[in-house]
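Inspection log for the structure reproduced underneath, given as C-alpha coordinates.
Chains here go by letter, A, B, C and D, matching the order in which they are written, and residues are numbered from 1 within each.
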Amino acid sequence: MIYRRKVNFYETDAQGIVHHSNYPRYFEEARGYYLEQIGYPYERVREELGIDIVLIELSVKYKKPLFYGDEFEIDFHISHMDRFVFSFDYRVKNKDGLIAEGKTVHTCLDRKTRKIVSIPDILRVK
Amino acid sequence: MIYRRKVNFYETDAQGIVHHSNYPRYFEEARGYYLEQIGYPYERVREELGIDIVLIELSVKYKKPLFYGDEFEIDFHISHMDRFVFSFDYRVKNKDGLIAEGKTVHTCLDRKTRKIVSIPDILRVK
Amino acid sequence: MIYRRKVNFYETDAQGIVHHSNYPRYFEEARGYYLEQIGYPYERVREELGIDIVLIELSVKYKKPLFYGDEFEIDFHISHMDRFVFSFDYRVKNKDGLIAEGKTVHTCLDRKTRKIVSIPDILRVK
Amino acid sequence: MIYRRKVNFYETDAQGIVHHSNYPRYFEEARGYYLEQIGYPYERVREELGIDIVLIELSVKYKKPLFYGDEFEIDFHISHMDRFVFSFDYRVKNKDGLIAEGKTVHTCLDRKTRKIVSIPDILRVK
(Lines give C-alpha, C1' and ligand atoms only; values in the text may rest on other atoms or scores of the structure.)
Protein backbone atom coordinates (compact mmCIF):
# COMPACT_ATOMS: atom_id res chain seq x y z
CA MET A 1 0.00 0.00 0.00
CA ILE A 2 1.18 3.56 -0.66
CA TYR A 3 0.67 6.46 1.75
CA ARG A 4 1.52 9.93 0.42
CA ARG A 5 2.59 12.86 2.53
CA LYS A 6 4.34 16.21 2.41
CA VAL A 7 6.84 17.50 4.97
CA ASN A 8 5.50 20.13 7.37
CA PHE A 9 7.77 22.95 8.49
CA TYR A 10 7.42 22.08 12.17
CA GLU A 11 8.85 18.63 11.41
CA THR A 12 12.24 20.10 10.49
CA ASP A 13 15.10 20.80 12.89
CA ALA A 14 18.09 23.13 13.04
CA GLN A 15 20.03 20.82 10.70
CA GLY A 16 17.45 21.92 8.12
CA ILE A 17 16.08 18.40 7.68
CA VAL A 18 13.16 16.39 9.03
CA HIS A 19 13.96 15.35 12.59
CA HIS A 20 14.36 11.58 12.84
CA SER A 21 11.63 11.30 15.50
CA ASN A 22 9.01 12.15 12.87
CA TYR A 23 9.51 8.93 10.88
CA PRO A 24 7.78 6.79 13.54
CA ARG A 25 4.94 9.29 13.34
CA TYR A 26 4.77 8.99 9.57
CA PHE A 27 4.67 5.21 9.97
CA GLU A 28 1.79 5.56 12.42
CA GLU A 29 -0.08 7.71 9.90
CA ALA A 30 0.49 5.01 7.28
CA ARG A 31 -0.92 2.34 9.62
CA GLY A 32 -3.94 4.55 10.28
CA TYR A 33 -4.42 4.86 6.53
CA TYR A 34 -4.16 1.07 6.21
CA LEU A 35 -6.91 0.54 8.80
CA GLU A 36 -9.12 3.04 6.98
CA GLN A 37 -8.53 1.31 3.66
CA ILE A 38 -9.56 -2.09 5.06
CA GLY A 39 -12.70 -0.42 6.46
CA TYR A 40 -11.67 -0.60 10.08
CA PRO A 41 -10.27 2.76 11.20
CA TYR A 42 -8.40 2.68 14.50
CA GLU A 43 -11.22 4.53 16.28
CA ARG A 44 -13.42 1.49 15.52
CA VAL A 45 -10.71 -0.98 16.60
CA ARG A 46 -10.47 0.88 19.90
CA GLU A 47 -14.19 1.33 20.49
CA GLU A 48 -15.88 -1.68 18.90
CA LEU A 49 -13.23 -4.27 19.63
CA GLY A 50 -12.01 -2.66 22.87
CA ILE A 51 -8.45 -3.10 21.70
CA ASP A 52 -5.36 -0.92 21.77
CA ILE A 53 -2.74 -1.74 19.17
CA VAL A 54 0.60 -1.19 20.86
CA LEU A 55 4.03 -0.84 19.37
CA ILE A 56 6.68 -3.08 20.90
CA GLU A 57 9.55 -2.65 18.46
CA LEU A 58 10.68 0.07 16.11
CA SER A 59 13.64 0.29 13.79
CA VAL A 60 14.59 2.80 11.11
CA LYS A 61 17.53 3.13 8.76
CA TYR A 62 17.97 6.65 7.46
CA LYS A 63 19.55 6.86 4.00
CA LYS A 64 18.92 10.42 2.84
CA PRO A 65 17.30 13.43 4.49
CA LEU A 66 13.89 14.90 3.78
CA PHE A 67 13.52 18.68 3.60
CA TYR A 68 10.65 21.08 4.22
CA GLY A 69 8.06 20.86 1.47
CA ASP A 70 9.31 17.52 0.11
CA GLU A 71 6.68 15.18 -1.20
CA PHE A 72 7.30 11.56 -0.31
CA GLU A 73 5.55 8.24 -0.20
CA ILE A 74 5.61 5.34 2.18
CA ASP A 75 5.41 1.95 0.50
CA PHE A 76 4.42 -0.44 3.29
CA HIS A 77 2.87 -3.81 4.03
CA ILE A 78 2.32 -6.36 6.78
CA SER A 79 5.47 -8.47 6.72
CA HIS A 80 4.65 -10.92 9.48
CA MET A 81 1.62 -12.04 11.48
CA ASP A 82 1.17 -14.81 13.98
CA ARG A 83 -1.36 -15.22 16.76
CA PHE A 84 -0.17 -12.36 18.96
CA VAL A 85 2.35 -10.33 17.00
CA PHE A 86 2.40 -8.59 13.65
CA SER A 87 4.88 -6.40 11.80
CA PHE A 88 4.85 -3.72 9.19
CA ASP A 89 7.74 -2.95 6.83
CA TYR A 90 8.06 0.54 5.36
CA ARG A 91 10.07 2.11 2.56
CA VAL A 92 10.07 5.92 2.48
CA LYS A 93 10.77 7.22 -1.02
CA ASN A 94 10.74 10.45 -2.92
CA LYS A 95 11.73 11.47 -6.44
CA ASP A 96 15.40 11.00 -5.54
CA GLY A 97 14.97 7.42 -4.44
CA LEU A 98 15.03 5.63 -1.11
CA ILE A 99 14.96 7.92 1.93
CA ALA A 100 14.55 5.45 4.77
CA GLU A 101 13.50 1.92 5.63
CA GLY A 102 11.65 0.96 8.77
CA LYS A 103 9.93 -1.81 10.64
CA THR A 104 7.45 -1.82 13.50
CA VAL A 105 6.21 -4.76 15.57
CA HIS A 106 2.86 -4.71 17.36
CA THR A 107 0.58 -6.61 19.68
CA CYS A 108 -3.02 -6.04 20.71
CA LEU A 109 -4.05 -5.25 24.27
CA ASP A 110 -7.48 -5.47 25.83
CA ARG A 111 -8.17 -1.83 26.73
CA LYS A 112 -9.58 -2.75 30.14
CA THR A 113 -7.33 -5.50 31.40
CA ARG A 114 -4.20 -4.28 29.52
CA LYS A 115 -3.51 -7.96 28.77
CA ILE A 116 -2.30 -9.19 25.40
CA VAL A 117 -5.10 -10.67 23.28
CA SER A 118 -4.92 -12.56 20.02
CA ILE A 119 -5.00 -10.38 16.91
CA PRO A 120 -8.62 -9.88 15.79
CA ASP A 121 -9.59 -11.48 12.48
CA ILE A 122 -10.42 -8.13 11.00
CA LEU A 123 -6.74 -7.22 11.05
CA ARG A 124 -5.82 -10.46 9.29
CA VAL A 125 -7.17 -9.31 5.93
CA LYS A 126 -4.42 -9.19 3.33
CA MET B 1 7.67 31.03 40.67
CA ILE B 2 10.63 30.25 38.42
CA TYR B 3 10.88 27.17 36.19
CA ARG B 4 14.27 26.55 34.55
CA ARG B 5 14.84 24.70 31.33
CA LYS B 6 17.28 24.16 28.50
CA VAL B 7 16.39 23.96 24.80
CA ASN B 8 16.43 20.46 23.30
CA PHE B 9 17.65 19.97 19.75
CA TYR B 10 14.36 18.41 18.60
CA GLU B 11 12.58 21.62 19.61
CA THR B 12 14.38 23.63 16.91
CA ASP B 13 13.22 24.06 13.32
CA ALA B 14 14.84 24.79 9.97
CA GLN B 15 14.99 28.53 10.84
CA GLY B 16 17.52 27.40 13.45
CA ILE B 17 15.36 28.54 16.36
CA VAL B 18 12.89 26.96 18.77
CA HIS B 19 9.65 26.34 16.93
CA HIS B 20 6.87 28.52 18.34
CA SER B 21 4.66 25.51 19.13
CA ASN B 22 7.05 24.51 21.91
CA TYR B 23 6.29 27.53 24.08
CA PRO B 24 2.83 26.23 25.04
CA ARG B 25 4.61 22.99 25.99
CA TYR B 26 7.12 24.88 28.12
CA PHE B 27 4.21 26.65 29.83
CA GLU B 28 2.59 23.29 30.53
CA GLU B 29 5.83 22.06 32.09
CA ALA B 30 5.88 25.17 34.27
CA ARG B 31 2.30 24.49 35.43
CA GLY B 32 3.25 20.90 36.23
CA TYR B 33 6.16 22.22 38.27
CA TYR B 34 3.78 24.59 40.07
CA LEU B 35 1.45 21.73 41.04
CA GLU B 36 4.42 19.73 42.32
CA GLN B 37 5.63 22.68 44.38
CA ILE B 38 2.25 23.10 46.07
CA GLY B 39 2.28 19.37 46.83
CA TYR B 40 -0.43 18.43 44.37
CA PRO B 41 1.14 17.04 41.20
CA TYR B 42 -1.23 16.80 38.26
CA GLU B 43 -1.33 12.98 38.51
CA ARG B 44 -2.97 13.46 41.95
CA VAL B 45 -5.36 16.13 40.64
CA ARG B 46 -6.44 13.70 37.92
CA GLU B 47 -6.67 10.63 40.11
CA GLU B 48 -7.67 11.84 43.57
CA LEU B 49 -9.92 14.70 42.52
CA GLY B 50 -11.09 13.12 39.28
CA ILE B 51 -10.45 16.39 37.49
CA ASP B 52 -8.88 17.32 34.17
CA ILE B 53 -7.48 20.82 33.98
CA VAL B 54 -8.20 22.02 30.47
CA LEU B 55 -6.77 24.91 28.57
CA ILE B 56 -9.33 27.21 26.99
CA GLU B 57 -7.17 30.15 25.91
CA LEU B 58 -3.57 30.60 24.94
CA SER B 59 -1.63 33.65 23.83
CA VAL B 60 2.05 34.24 23.26
CA LYS B 61 4.08 37.24 22.16
CA TYR B 62 7.47 36.27 20.78
CA LYS B 63 10.17 38.92 21.24
CA LYS B 64 13.45 37.13 20.53
CA PRO B 65 14.27 33.59 19.45
CA LEU B 66 15.68 30.78 21.56
CA PHE B 67 18.42 28.59 20.07
CA TYR B 68 19.54 25.03 20.69
CA GLY B 69 21.29 24.69 24.04
CA ASP B 70 20.00 27.99 25.41
CA GLU B 71 19.24 28.07 29.10
CA PHE B 72 16.14 30.00 29.96
CA GLU B 73 13.70 30.53 32.78
CA ILE B 74 9.97 31.00 32.95
CA ASP B 75 8.84 33.46 35.57
CA PHE B 76 5.14 32.74 36.06
CA HIS B 77 2.22 33.12 38.43
CA ILE B 78 -1.54 32.78 38.69
CA SER B 79 -2.83 36.12 37.48
CA HIS B 80 -6.57 35.54 37.88
CA MET B 81 -8.88 33.10 39.62
CA ASP B 82 -12.62 33.08 40.04
CA ARG B 83 -15.00 30.21 40.70
CA PHE B 84 -14.57 28.42 37.35
CA VAL B 85 -11.69 30.02 35.54
CA PHE B 86 -8.05 30.74 36.33
CA SER B 87 -5.11 32.17 34.39
CA PHE B 88 -1.36 31.96 34.41
CA ASP B 89 0.96 34.68 33.12
CA TYR B 90 4.44 33.73 31.92
CA ARG B 91 7.61 35.63 31.11
CA VAL B 92 10.30 33.62 29.30
CA LYS B 93 13.74 35.09 29.90
CA ASN B 94 17.36 34.24 29.30
CA LYS B 95 20.64 36.08 29.82
CA ASP B 96 19.77 38.42 26.94
CA GLY B 97 16.49 39.52 28.45
CA LEU B 98 12.86 38.92 27.62
CA ILE B 99 12.24 36.17 25.06
CA ALA B 100 8.46 35.86 25.17
CA GLU B 101 5.37 36.61 27.19
CA GLY B 102 2.40 34.33 27.46
CA LYS B 103 -0.93 33.74 29.08
CA THR B 104 -3.10 30.65 29.47
CA VAL B 105 -6.66 30.37 30.75
CA HIS B 106 -8.02 27.17 32.27
CA THR B 107 -11.10 25.49 33.67
CA CYS B 108 -11.58 22.20 35.50
CA LEU B 109 -13.64 19.35 34.09
CA ASP B 110 -15.01 16.34 35.90
CA ARG B 111 -13.19 13.48 34.18
CA LYS B 112 -16.31 11.33 33.95
CA THR B 113 -19.05 13.78 33.02
CA ARG B 114 -16.74 16.19 31.12
CA LYS B 115 -18.73 19.02 32.77
CA ILE B 116 -17.10 22.13 34.16
CA VAL B 117 -16.71 22.02 37.95
CA SER B 118 -15.63 24.72 40.35
CA ILE B 119 -11.90 25.00 40.91
CA PRO B 120 -10.86 22.77 43.82
CA ASP B 121 -9.59 24.56 46.94
CA ILE B 122 -6.23 22.90 46.65
CA LEU B 123 -5.53 24.93 43.52
CA ARG B 124 -6.47 28.15 45.31
CA VAL B 125 -3.28 28.22 47.35
CA LYS B 126 -1.24 31.32 46.57
CA MET C 1 -9.53 29.62 2.13
CA ILE C 2 -10.24 26.17 3.53
CA TYR C 3 -7.56 23.71 4.63
CA ARG C 4 -8.74 20.18 5.46
CA ARG C 5 -7.06 17.80 7.85
CA LYS C 6 -7.59 14.71 9.95
CA VAL C 7 -6.33 14.19 13.50
CA ASN C 8 -3.30 11.90 13.84
CA PHE C 9 -3.05 9.60 16.83
CA TYR C 10 0.28 11.08 17.96
CA GLU C 11 -1.44 14.47 18.27
CA THR C 12 -3.64 13.24 21.12
CA ASP C 13 -2.74 13.32 24.82
CA ALA C 14 -3.73 11.38 27.94
CA GLN C 15 -6.95 13.44 28.21
CA GLY C 16 -7.92 11.61 25.01
CA ILE C 17 -8.06 14.82 22.97
CA VAL C 18 -5.77 16.73 20.62
CA HIS C 19 -3.10 18.45 22.69
CA HIS C 20 -3.48 22.22 22.48
CA SER C 21 0.09 22.68 21.17
CA ASN C 22 -0.94 21.09 17.87
CA TYR C 23 -3.28 23.91 16.88
CA PRO C 24 -0.39 26.31 16.12
CA ARG C 25 1.03 23.51 13.97
CA TYR C 26 -2.26 23.11 12.13
CA PHE C 27 -2.29 26.86 11.54
CA GLU C 28 1.23 26.65 10.12
CA GLU C 29 0.11 23.88 7.77
CA ALA C 30 -2.77 26.11 6.64
CA ARG C 31 -0.35 28.97 5.92
CA GLY C 32 1.85 26.60 3.94
CA TYR C 33 -1.20 25.58 1.95
CA TYR C 34 -2.03 29.24 1.36
CA LEU C 35 1.45 29.93 -0.05
CA GLU C 36 1.14 26.91 -2.34
CA GLN C 37 -2.26 28.07 -3.57
CA ILE C 38 -0.92 31.52 -4.49
CA GLY C 39 1.94 29.78 -6.34
CA TYR C 40 4.65 30.74 -3.88
CA PRO C 41 5.36 27.80 -1.56
CA TYR C 42 7.40 28.69 1.50
CA GLU C 43 10.47 26.89 0.13
CA ARG C 44 10.48 29.47 -2.68
CA VAL C 45 9.93 32.38 -0.28
CA ARG C 46 12.93 31.18 1.72
CA GLU C 47 15.18 30.44 -1.21
CA GLU C 48 14.24 32.90 -3.95
CA LEU C 49 13.39 35.86 -1.75
CA GLY C 50 15.87 35.00 1.01
CA ILE C 51 13.16 35.64 3.58
CA ASP C 52 12.04 33.86 6.71
CA ILE C 53 8.46 34.48 7.74
CA VAL C 54 8.48 34.62 11.51
CA LEU C 55 5.63 34.39 13.94
CA ILE C 56 5.52 37.15 16.53
CA GLU C 57 2.10 36.61 18.08
CA LEU C 58 -0.19 33.65 18.56
CA SER C 59 -3.57 33.35 20.20
CA VAL C 60 -6.08 30.52 20.32
CA LYS C 61 -9.48 30.11 21.96
CA TYR C 62 -10.42 26.48 22.41
CA LYS C 63 -14.17 25.82 22.35
CA LYS C 64 -14.51 22.04 21.95
CA PRO C 65 -11.99 19.24 21.78
CA LEU C 66 -10.87 17.30 18.72
CA PHE C 67 -10.46 13.53 19.01
CA TYR C 68 -8.35 10.98 17.18
CA GLY C 69 -9.60 10.41 13.65
CA ASP C 70 -11.74 13.57 13.58
CA GLU C 71 -11.95 15.32 10.26
CA PHE C 72 -11.85 19.08 10.53
CA GLU C 73 -11.33 22.15 8.43
CA ILE C 74 -9.59 25.44 9.00
CA ASP C 75 -11.33 28.41 7.45
CA PHE C 76 -8.69 31.14 7.36
CA HIS C 77 -7.70 34.39 5.71
CA ILE C 78 -5.30 37.33 5.96
CA SER C 79 -7.03 39.71 8.33
CA HIS C 80 -4.48 42.52 8.38
CA MET C 81 -1.49 43.64 6.37
CA ASP C 82 0.64 46.75 6.56
CA ARG C 83 4.20 47.37 5.46
CA PHE C 84 5.91 45.10 8.00
CA VAL C 85 3.26 43.06 9.72
CA PHE C 86 0.47 40.76 8.62
CA SER C 87 -2.07 38.57 10.39
CA PHE C 88 -4.07 35.45 9.72
CA ASP C 89 -7.37 34.61 11.39
CA TYR C 90 -8.43 30.96 11.66
CA ARG C 91 -11.64 29.15 12.50
CA VAL C 92 -11.29 25.43 13.15
CA LYS C 93 -14.55 23.60 12.50
CA ASN C 94 -15.86 20.07 12.22
CA LYS C 95 -19.31 18.56 11.75
CA ASP C 96 -20.22 19.58 15.33
CA GLY C 97 -19.46 23.24 14.75
CA LEU C 98 -16.77 25.59 15.92
CA ILE C 99 -13.78 23.90 17.61
CA ALA C 100 -11.38 26.79 18.00
CA GLU C 101 -10.52 30.27 16.83
CA GLY C 102 -7.02 31.57 16.37
CA LYS C 103 -4.88 34.42 15.19
CA THR C 104 -1.23 34.67 14.24
CA VAL C 105 0.84 37.79 13.51
CA HIS C 106 3.96 37.68 11.34
CA THR C 107 6.85 39.71 10.02
CA CYS C 108 9.46 38.94 7.38
CA LEU C 109 13.18 38.70 8.17
CA ASP C 110 16.08 38.79 5.78
CA ARG C 111 17.59 35.33 6.24
CA LYS C 112 21.15 36.66 6.30
CA THR C 113 20.92 39.82 8.33
CA ARG C 114 17.98 38.65 10.51
CA LYS C 115 16.58 42.21 10.10
CA ILE C 116 12.92 42.92 9.48
CA VAL C 117 12.18 43.68 5.84
CA SER C 118 9.00 44.95 4.23
CA ILE C 119 6.54 42.27 3.19
CA PRO C 120 7.27 41.16 -0.38
CA ASP C 121 4.61 42.03 -2.97
CA ILE C 122 4.05 38.38 -3.74
CA LEU C 123 2.50 37.92 -0.30
CA ARG C 124 0.18 40.87 -0.85
CA VAL C 125 -2.05 38.98 -3.27
CA LYS C 126 -5.58 38.66 -1.92
CA MET D 1 26.29 7.50 32.18
CA ILE D 2 22.86 8.19 33.69
CA TYR D 3 20.45 10.82 32.38
CA ARG D 4 17.39 11.52 34.54
CA ARG D 5 14.07 12.80 33.29
CA LYS D 6 10.40 13.09 34.12
CA VAL D 7 7.52 12.53 31.69
CA ASN D 8 5.80 15.68 30.45
CA PHE D 9 2.05 15.65 29.90
CA TYR D 10 2.36 16.60 26.21
CA GLU D 11 4.42 13.44 25.66
CA THR D 12 1.44 11.20 26.44
CA ASP D 13 -1.14 9.99 23.93
CA ALA D 14 -4.77 8.84 24.03
CA GLN D 15 -3.64 5.38 25.22
CA GLY D 16 -2.64 7.24 28.40
CA ILE D 17 1.05 6.40 27.96
CA VAL D 18 4.13 8.11 26.55
CA HIS D 19 3.93 8.01 22.77
CA HIS D 20 6.69 5.84 21.31
CA SER D 21 8.04 8.67 19.16
CA ASN D 22 9.30 10.41 22.31
CA TYR D 23 11.90 7.77 23.12
CA PRO D 24 14.19 8.84 20.26
CA ARG D 25 13.84 12.36 21.66
CA TYR D 26 14.79 11.19 25.14
CA PHE D 27 17.83 9.43 23.63
CA GLU D 28 18.80 12.67 21.90
CA GLU D 29 18.56 14.52 25.22
CA ALA D 30 20.84 11.87 26.76
CA ARG D 31 23.40 12.35 23.99
CA GLY D 32 23.26 16.10 24.52
CA TYR D 33 23.89 15.53 28.21
CA TYR D 34 26.83 13.26 27.34
CA LEU D 35 28.43 15.97 25.18
CA GLU D 36 27.97 18.49 28.00
CA GLN D 37 29.57 16.12 30.49
CA ILE D 38 32.66 15.63 28.32
CA GLY D 39 32.89 19.42 28.01
CA TYR D 40 31.88 19.60 24.37
CA PRO D 41 28.19 20.54 24.13
CA TYR D 42 26.67 19.99 20.70
CA GLU D 43 26.51 23.75 20.05
CA ARG D 44 30.34 23.72 20.18
CA VAL D 45 30.58 20.62 17.98
CA ARG D 46 28.43 22.37 15.40
CA GLU D 47 30.11 25.75 15.59
CA GLU D 48 33.75 25.09 16.44
CA LEU D 49 34.19 21.86 14.54
CA GLY D 50 31.67 22.68 11.79
CA ILE D 51 30.15 19.24 12.17
CA ASP D 52 26.63 17.91 12.28
CA ILE D 53 26.18 14.59 14.07
CA VAL D 54 23.56 12.72 12.11
CA LEU D 55 21.54 9.70 13.08
CA ILE D 56 21.58 6.87 10.54
CA GLU D 57 19.97 4.06 12.50
CA LEU D 58 17.51 3.84 15.35
CA SER D 59 16.00 0.87 17.12
CA VAL D 60 13.87 0.61 20.25
CA LYS D 61 12.30 -2.31 22.09
CA TYR D 62 9.42 -1.23 24.31
CA LYS D 63 8.90 -3.45 27.38
CA LYS D 64 6.58 -1.45 29.63
CA PRO D 65 4.85 1.89 29.24
CA LEU D 66 5.74 5.19 30.90
CA PHE D 67 2.94 7.36 32.27
CA TYR D 68 2.59 11.09 32.88
CA GLY D 69 4.68 12.22 35.82
CA ASP D 70 6.86 9.09 35.88
CA GLU D 71 10.47 9.60 36.82
CA PHE D 72 12.86 7.51 34.80
CA GLU D 73 16.52 7.24 33.98
CA ILE D 74 18.43 6.40 30.84
CA ASP D 75 21.56 4.33 31.43
CA PHE D 76 23.58 4.73 28.26
CA HIS D 77 27.05 4.45 26.78
CA ILE D 78 28.97 4.42 23.51
CA SER D 79 28.86 0.78 22.44
CA HIS D 80 30.86 1.03 19.21
CA MET D 81 33.19 3.46 17.50
CA ASP D 82 35.27 3.15 14.37
CA ARG D 83 36.59 5.80 12.04
CA PHE D 84 33.27 7.00 10.64
CA VAL D 85 30.52 5.43 12.70
CA PHE D 86 29.62 5.28 16.37
CA SER D 87 26.73 3.85 18.38
CA PHE D 88 25.01 4.47 21.66
CA ASP D 89 23.11 1.82 23.63
CA TYR D 90 20.36 2.93 26.02
CA ARG D 91 18.40 1.28 28.80
CA VAL D 92 15.36 3.21 30.03
CA LYS D 93 14.47 2.26 33.59
CA ASN D 94 12.20 3.38 36.38
CA LYS D 95 11.36 2.05 39.82
CA ASP D 96 9.47 -0.87 38.23
CA GLY D 97 12.44 -2.03 36.19
CA LEU D 98 13.29 -1.99 32.52
CA ILE D 99 11.02 0.16 30.37
CA ALA D 100 12.80 0.07 27.01
CA GLU D 101 16.09 -0.63 25.32
CA GLY D 102 17.43 1.31 22.37
CA LYS D 103 20.33 1.82 20.05
CA THR D 104 21.30 4.65 17.75
CA VAL D 105 24.04 4.78 15.11
CA HIS D 106 25.65 8.02 13.99
CA THR D 107 28.10 9.58 11.59
CA CYS D 108 29.56 13.07 11.37
CA LEU D 109 28.94 15.38 8.42
CA ASP D 110 30.84 18.48 7.45
CA ARG D 111 28.17 21.17 7.79
CA LYS D 112 29.17 22.89 4.54
CA THR D 113 29.88 20.04 2.15
CA ARG D 114 27.41 17.59 3.81
CA LYS D 115 30.09 14.89 3.28
CA ILE D 116 30.91 12.28 5.89
CA VAL D 117 34.05 13.12 7.87
CA SER D 118 35.99 11.03 10.35
CA ILE D 119 34.81 11.27 13.93
CA PRO D 120 36.66 14.10 15.72
CA ASP D 121 39.03 13.06 18.50
CA ILE D 122 37.06 15.00 21.03
CA LEU D 123 34.19 12.53 20.68
CA ARG D 124 36.55 9.60 21.19
CA VAL D 125 36.91 10.26 24.91
CA LYS D 126 35.65 7.30 26.95
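Here, contacts are C-beta pairs under 8 Å (C-beta built on N, C-alpha and C of every residue); 3 or more make two chains touch, one makes a residue touch a chain.
Keep in mind that what you see is a predicted model, and the values were worked out from it rather than measured.
Asks: Farthest chain from chain A, going by the mean of C-alpha atoms per chain?
Replies: B
Asks: Tell me the angle, as a multiple of 5 degrees, of the rotation that maps chain C onto chain D over the C-alpha atoms.
Replies: 180
Asks: Report, in whole Å, the distance between the mean C-alpha point of chain A and the mean C-alpha point of chain B.
Replies: Going by mean C-alpha positions, chain A sits 31 Å from chain B.
Asks: Could you give the separation in Å between the centres of chain B and chain C, each centre being the mean of its C-alpha atoms?
Replies: The separation of the two C-alpha centroids amounts to 22 Å.
Asks: Taking each chain's centre as the mean of its CA atoms, how far is chain A from chain C in angstrom?
Replies: Distance between chain centres, rounded to whole Å: 26 Å.
Asks: At least two partner chains per residue is the criterion; list those residues in chain D.
Replies: Touching at least two other chains: 9-10, 21, 25, 28, 67-68.
Asks: What residues of chain C sit close enough to touch chain B in their complex?
Replies: 15, 20-22, 24-25, 28, 52, 54-62
Asks: Which residues of chain A touch chain B once you look at their complex with the stated criterion?
Replies: 9-10, 12-14, 16-17, 19, 21, 67-68
Asks: Report the residues of chain C in contact with chain A in the complex, numbered from low to high.
Replies: 8-10, 25, 28-29, 32, 41-43, 67-69
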